[in-house]
């Protein structure tokens, strides 16, 4: 990453941020689960037990203590975790942040009928038994059913400064999970339930002066934040204003003409404008092209009635015109490179190149219809039903979010796959309903576009969510595949390992297995482009969060 | 005075209106091209489904100025996927025109039937129909289409009426017709109301004609001019409605092409490939203009009073 | 008159109740499960059920409808325990996406759309009628053709194109609008200029789209009215052409326009979806589109639908009353 | 005279009125026809006169059951057809026909003359001898039109010719009774006579009976055997033509006759004109007593309360007046 | 006779249409003096309205070809309304010449009250407030015999019956004391009893204001009742022109004769066949050479040679104050005339 240059950072000014979205997905700490939103709120509005280091490059993936004085102390084979709070940290209203506040905050995750959309780490990790239907016996702080169970799982020291989490099983990197605001404090007396999402109480350097959905969010300095207690946030600008809902063309226009020089573009340019922006020298100081934390792929639904035949999935894999799709989205320079793994190389320890798939001699970036056809021909005898489906009238259906780029992409997909003999259909789903739809196996098609990035630097946040039935993001319907049982057992075992190198070796072999099963299409290790106005300084990429390194931004 | 049939007179008047004749020819040209799309593309040597990725740069933009206009691609190629724009527009017009035409004809047909029924029978029938169309008009149509199209497409597919884009076209048409007929029905109703008071209807009754005969033989023929004019004016309306709904993502979807899809895609390329936006927009403007001017011409030609003004 | 208006209002109410019922039925029978759609990233059956309960969808549709109607008159409570919420009457429900009572949300979006509607309404009437009169006066001549062509081009380009073109090539190109301020609410009372700047371009966009039918309508009505006997009478009195046009021709030619204008206006209020999107106006159109395509926010969908329906019905009523006011033949009785 | 083709007994036709426009609601009834007794004999012409809106057209249309009568009885050839349904009426339609006032509105502009005249065959499923075309051409010839014009459209004909088309249509099924509703009032002066003569001739040849509705007394006087004078839905006076014109007894009849202009300046100069005051009262709200009392110059208190009886004051001369004009 | 107020000389009006030029009125010359009533008769489409609309300047100048002269002998000097600029003619309308039209139902603006419409006309030529105008309007309504005028000025046209609307039209035309009143079929749409009321009113008004009146009608009965002189028109031309009695008792044109004898009369017995004029009036487009009445003229054969077909007759003075457009001589005409029309069936 480049960007943060020699010039000294400067305090003051208003920093604008623009986005096409109508609102932040969530502002409530317990519901916040999007990289950019977490980075934003963690930087500006609220503090957390531990946070990612505000630094560019790989070192940004390390944790630093923020609200806590340490990055967590495990014991009992990593089944018990302790954090001690830093003294002198205050809420927006001037009161001190206590262990009880953190405990209360964590408890909110359990109120699943109010606090939705957030990460379920607390639910799955804390030592609280579940009901038969899979819900927790603790119903959260609003209803208070099972409160005693929670009080046992999370305890506060007498001085109200040390919080202890008792986990149901060993979690070697629980402190990474604790970097999520979901483990952050909320003051019980100031909790407004659902409405907390509009105005969470600030503990960071800024407080929310105004937030209108489809309008703007205005941050002003929080007088009760003291720099002395905070080693993470330089808090340069006086004001931060986020403008929601601008037309993408307007945003691109702002960036291209630099008409609002103190602006940061939260969305990135549209692919069509990237090329110009990144080609012309006049923009060179206002752009950055980086690897993001995501792998993009198509989940291949291997459940019965879909692509329940390895040969067919393989044929799909080899027929795919990856290059054309990459070009459509800006070429390898902007969109990304062909990968071989659901785990991205940035995960270092857990990544190793796989064999087969894109390393197969028959693999061609622009698709190999001949080879794919031969695979399909084999499938004709091996699994005639599946063959008949994908080549016949029913056809192979691909789920795509409904937007202009994907509509375009479908043209290319159809062109490539039909050459191999597939009869392709598309199922365009409105953006907001896309994931809920494809995550429903009864609604999912045969292949669904998806992308995933590790929650933190451990493939435990990749392999299980992507390939375990209840992992949360399994789009390959593989639990109905006969090979699943053995695979799942290995994943569960790997999850419980506390020996990190051994665990890493296990993730590598599981990734290889998943690729050998062709549970996903050609993975793409994607890139991301950042762009900002000429008056914005200190720009860098925050690797683990996949967005701007917000703490460093300042107005020139 | 030379005696002529009304048709001949209208035709004469129409022929003298140069703007209308030219517009008619233009419209005819577009419609014919849509009809002959396979032939034309074959002659030019392009294919609507082929992705001419070779004509694109590594960033997926057309290689060459003006959207990559060349001998091989007379209107250039589509950025991104690289299909031939001429083929795309020709084949796109097939769906767009079909949707517009079917919708217009169906909503006018339905409106006519219901309008005549209301106007001819009056009384309770009229009141019921009137209330019902008020009720339909009360729904915000654009909004309903957006909200309901996806689930309805699924319904249509589940009923095995049509699949994919077929189903989407069916749904779009159903929506347009459902929300389109009341306007025309009102117009027809008022005409039918006055028509039924005309003596020739009374004369038919005096001869013992049935209601059916009166509606179909006496009243209906007199409503053709209204219908034709309305048709020529509603066609362009539905053309741009199709475009708008494609823009909102609820119309026909890729890889099929319609003018609406092309236009809504082109908007994002306004800066990098303006030709891609300008060419289809110009076509749309031209055909809408042509249809409107032709509609005016038809109306003037069919209006017996046109000359005395 | 009063009795008539009361009767019509009652009728309006009935229509609205029916519309709401229809919307409930339609959405209930759709193959879509809002509880699932809005359940979030990591979702499992227990969560879906919890969500269903949260959204109030765990009862049959008719009970949902009764709750809705009850909420309208008596307000409504959401969630339980210390997280309980209340939306006071008239409550259109609570949007869990926007964390506000729908009535509040609508209350904020409405003035935006209303301002847009009024502005473009005024513009398109002025533009449409002026061009229509010009076209009629110079029937068959160049001015007629130019006016017709101008408005036709205006309408034939879908708003998503004309709007973008106006925004990018006029408003932004000439720095007439600060893009970062687009969609900021300037109160017309305290900051009329800011308000004007914000609204003029979207108004022009919509006016262009709508003006054509008014031009055509005015043109043909003026031509038609000009051959009426009472215009000849006015001429025979010795009135000048200007007075005849203004007082006699236009009055008769334009009154039928009220009917369409009223409905168009109501339709606009129901949401100028695309224009609001392009110009980032946080009005009803944007609101509803987001509710449908992004959030699947049923209470907002319902409320905007009902509001739009209410406008159409009320506009109808107003048109009829206005008509009776203008045309004395309708007034008696 | 011979037996009657048509007989009306106390015929009433009331229309419910709405206030019109958006404020529409039922306000009252228009007593368009309020108790009319009348008889038309075979081959006879009965003229029906009165001012605009007095109910002449309504009588004509009710006779043909184009309007459902509100009360009273209609006998056609001795048969009571008052209660017959539309369906039951159909066979009778061929025997009673209508000629309309407005030759421009009564012919469907989109049908050819052939289609218009042959519609009756079509509707009644009749296959005339020699084919439809021949019959239509015969009919056209009979009414004085060029039989070759069978494929022309109405607008290609002049008003008088169009009225002939209307007559041909009425004759197609060889009716016994024709209700002629102001058949010449829309025609030019020089054409009017042609049509009147045609009607005369047809009656002679075919033995038709006419109920001849008109407001032009000179035409009625010319063509009718008997004349009925109506005012506000009621019959005021009825007599043989000669008798009525020579010896009008009802003040209204008298006023009507005196108002008819005569194309003869000398007579006009000498003529004593009775100029009625005011307008025809609204049939929604007719005056009590004698309906003519508001405009009658002989009005007395009795007229305002008591409805005059219809009395036969001399053979074939009936009158409804308290204070008839002297003999 | 005093000098005429209106002198029309060789007026031609034609309309270019797609089928050709419609020669709506040709070579029209006539004059009217103050206090005199000139009737113009002829059947529908014979050019009665067109020629008078030309005098009023009410044709759309762009779509009408008008030639000839029409002099108004005003106190301020004569003006030729055909050649005068539009604005000048406009200022004469309503004040020096006024017109009332056939259909009282559609000639009033439906949206304005009667008072508004009348006062608008009055205020055009008089200083005064709107309420003065309304007062004046009420006076006029009273004058034309509308009872309760003060109240009725506030009403709208649709609240008036046909006869009353025609009275309103008359009141409107007379409100500025015009010297010339052109009444275009003022009673055609009205009932006989109302018609006689209106004609009576017109006569009274003429006396009161000493106007020149042109009465356009096709009803020879009405003419007999009110006119001093008569112009008979046929196919766009004046075919006969004479004093009232000469026309009725001594007609010198076959068309007029035919017309008079084809009208049934209440003062005559029915039962006889009506005399008819066979055939139809000709189209006004591309009128053939010769007499336009010849195809319907029963006496055409009496003209020597082929004169009727080849040359159009001129409007000649055939008797004192009596002109006719016919090739036949006065003697022949007198012979063919069913001499006393009035007496035939007495």
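Things worth noting here:
All chains are identified by letter, namely A, B, C, D and E, in their written order; residue positions are counted from 1 within each chain.
Definition applied: a residue touches a chain if its C-beta (ideal position, glycine included) is under 8 Å from a C-beta of that chain, and two chains touch if they have at least 3 such contacts.
Please read all numbers here as calculations on a predicted model, not as lab measurements.
Path length between subunit B and subunit C in the touching-chain graph (shortest route): 1. The set of chains in contact with subunit A as well as subunit C comprises B. Of the two chain pairs examined here, A-B and B-E, the one linked by more C-beta pairs in contact is A-B.
For the pair subunit D and subunit E, the distance between C-alpha centroids works out to 31 Å.
In terms of their C-alpha centroids, the spacing between subunit A and subunit D amounts to 90 Å. Centroids of subunit C and subunit E (each the mean of its C-alpha atoms) stand 55 Å apart.
Subunit B and subunit D, compared by their mean Cα positions, are separated by 50 Å.
None of the residues of subunit E touches two or more other chains. Among the residues of subunit C, those touching two or more other chains are numbered 32, 164, 168, 292-293, 327, 329, 332.
Along subunit D, no residue makes contact with two or more other chains.
Interface of subunit A with subunit B (complex): residues 248-249, 252, 256, 270-276, 324, 327-331, 333-334, 402-405, 407-412, 414-415, 425-426, 428-430, 433. For subunit B in complex with subunit C, the residues that touch the partner chain are 19, 134-135, 137-140, 142-144, 146-148, 150-151, 154-155, 158, 236, 240, 243-244, 247-249, 260, 263-264, 267, 270, 277, 281, 284-285, 287-289, 292-293, 296, 305, 308-309. Interface residues of subunit B, counted against subunit D in their complex, comprise 3-6, 198-200, 202-210, 213, 217-218, 221-222, 224, 304. Partner subunit E is touched in their complex by these residues of subunit D: 51-52, 158, 160-161, 188-194, 196-197, 200, 215, 217-219, 221-224, 241-242, 245, 255-268, 273, 275-276, 279-280. Only residues 16, 18, 22-23, 33, 111-114, 116-120, 131, 133-135, 141-144, 191, 193-195, 197-198, 212-216, 243, 245-247, 249-250, 253-254, 257, 259-260, 263, 430-433, 435-437, 439-440, 470, 472-473 of subunit A touch subunit C when the two sit together in their complex.
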